[in-house]
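Lettered A, B, C and D in written order, each chain numbered from 1.
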Amino acid sequence: MNKSTTEIKIRGYHLDAYQHVNNARYLELLEEARWCHYEDYPPAYFQEKGWGFIIVNININFKGSAVLGDTLVIHSELVKIGNTSLTIHQEAFIKGSERKSIEADITFVMMDLRTQKLLPIEGELKSLLTRTAKV
Amino acid sequence: MNKSTTEIKIRGYHLDAYQHVNNARYLELLEEARWCHYEDYPPAYFQEKGWGFIIVNININFKGSAVLGDTLVIHSELVKIGNTSLTIHQEAFIKGSERKSIEADITFVMMDLRTQKLLPIEGELKSLLTRTAKV
Amino acid sequence: MNKSTTEIKIRGYHLDAYQHVNNARYLELLEEARWCHYEDYPPAYFQEKGWGFIIVNININFKGSAVLGDTLVIHSELVKIGNTSLTIHQEAFIKGSERKSIEADITFVMMDLRTQKLLPIEGELKSLLTRTAKV
Amino acid sequence: MNKSTTEIKIRGYHLDAYQHVNNARYLELLEEARWCHYEDYPPAYFQEKGWGFIIVNININFKGSAVLGDTLVIHSELVKIGNTSLTIHQEAFIKGSERKSIEADITFVMMDLRTQKLLPIEGELKSLLTRTAKV
């Protein structure tokens, strides 16, 4: 339930001077996969609540660069829940091969955007983040 | 007074699969030059007023692509003021050569971001946009 | 046959300070739609031939900004073929409404990337670009 | 000698839906600072040698987000040299305050882009990377 898979095709605009996906662009692709991971919950739902995802740490290993024509298969999984922080583990593979492209841990907190205060990960918020409840 | 010049060095992350500056990235570089053009007026000033720059048309000719190691010299000039719209003409050259890289006309309106209504280009707003007045 | 439709969901990273899709980002979304338009022809095919798409003009009207949670429906159509240049017309609508977000004409030439010479739009190249032939 | 400082003004296009600098954009700003760090060595020099910087790990802490109108002061320092890998430590502060925005360790290897083999960090290459030699 806490796992999801997103596929993204690598285009010319994803590449940089080395003809592979740029390091900053990888973070956009991982963000895209996280939006997909929580696709069941529309942005409007979070906006009404005033809940925001604020990243506190990203630790990313680059194992092998994706190039033009590759499709990245990105697996996202919520692997840790603390009192106020969570960690999503993401791995991307080159489709049709066994090659791992990157692996990353994204640690974030949930913030009340109106008060700028941290939210405890409990109740409805916890259910949503662990995707055990539907809106 | 309505002319300004901005220099931007081309880096590896500006390039795409063709090893030249990507078309979308050019628009970011032109936006950077426009922020520089109105540098005298801090964002906070516009935010307090609730004034926003809303682009309605971009017409851009790509004459010759910039590559890694080039420096773009971007000239920006307010060339047209209507009742509610303005046009900034921008040209970028490869530094140290006579080669023109792009030329573009950016037409925009000013909007009151709180009411989402167009602002007439007059008085203080006009003075600011034509840079004949200082904050 | 020369028409295609691509849907793209608007995410947090597509937005800018005005909370709508940034003008430069729109060009990336249009580029994504053009990659989809020619999806039948894998990048490797063009790379082997040494054929590159080089944009010479973009003329884009911004009619209404897409915001977080919107899905853009982008229609792409090859509307003009000259001896050496082509024009793709693209329009994007906010899904589920009649609202047009942008409309753009993208004019490009085909270049032999090895010789940096323009390619005449004829024969196999023309068939591919008009999508009347399959690889 | 191995330290450098780069200032970057935060513009509207750097922000995302939360009105702060997007996590992926931070990596571009850090990459910009690393290009500045090695500014003495023109890209052409590395291109002739066929030497490429390939990132293997990024570990980045987000301490406080930069917003529109902020200027980031980015300090870059080569802090570790191994046989085949190096680590640059980067910290960014909000100019005019004591607030730290991010801190990151960027670990990379040097690759011979023609043979795709790792380069030992020694001799001329080591002198360049530690900036103890001039081209």
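The rule is short, and it goes like this: contacts are C-beta pairs under 8 Å (C-beta built on N, C-alpha and C of every residue); 3 or more make two chains touch, one makes a residue touch a chain.
Computed from a predicted model, the values in this text were never measured in an experiment.
When the interfaces A-D and C-D are ranked by C-beta pairs in contact, the top one is A-D. Relative to chain A, the chain whose mean Cα position lies farthest away is B.
With each centre defined as the average position of its C-alpha atoms, the distance from chain C to chain D rounds to 33 Å. With centres taken as mean Cα positions, chain C sits 27 Å from chain A.
Centroid to centroid, with C-alpha atoms defining each point, chain A and chain D lie 23 Å apart. Contact with two or more other chains is made by residues 11-13, 17-18, 22, 24, 28, 31, 43, 68 of chain C. Those residues of chain C that touch chain A in the shared complex are 9, 11-13, 28, 31-32, 35, 42-44, 47, 68-69.
Note for the complex: chain B touches chain C at residues 17-18, 22-28, 31, 43, 52, 54-62, 65, 113. The part of chain A that touches chain B in the complex is made up of residues 11-13, 15-19, 22, 24, 68.
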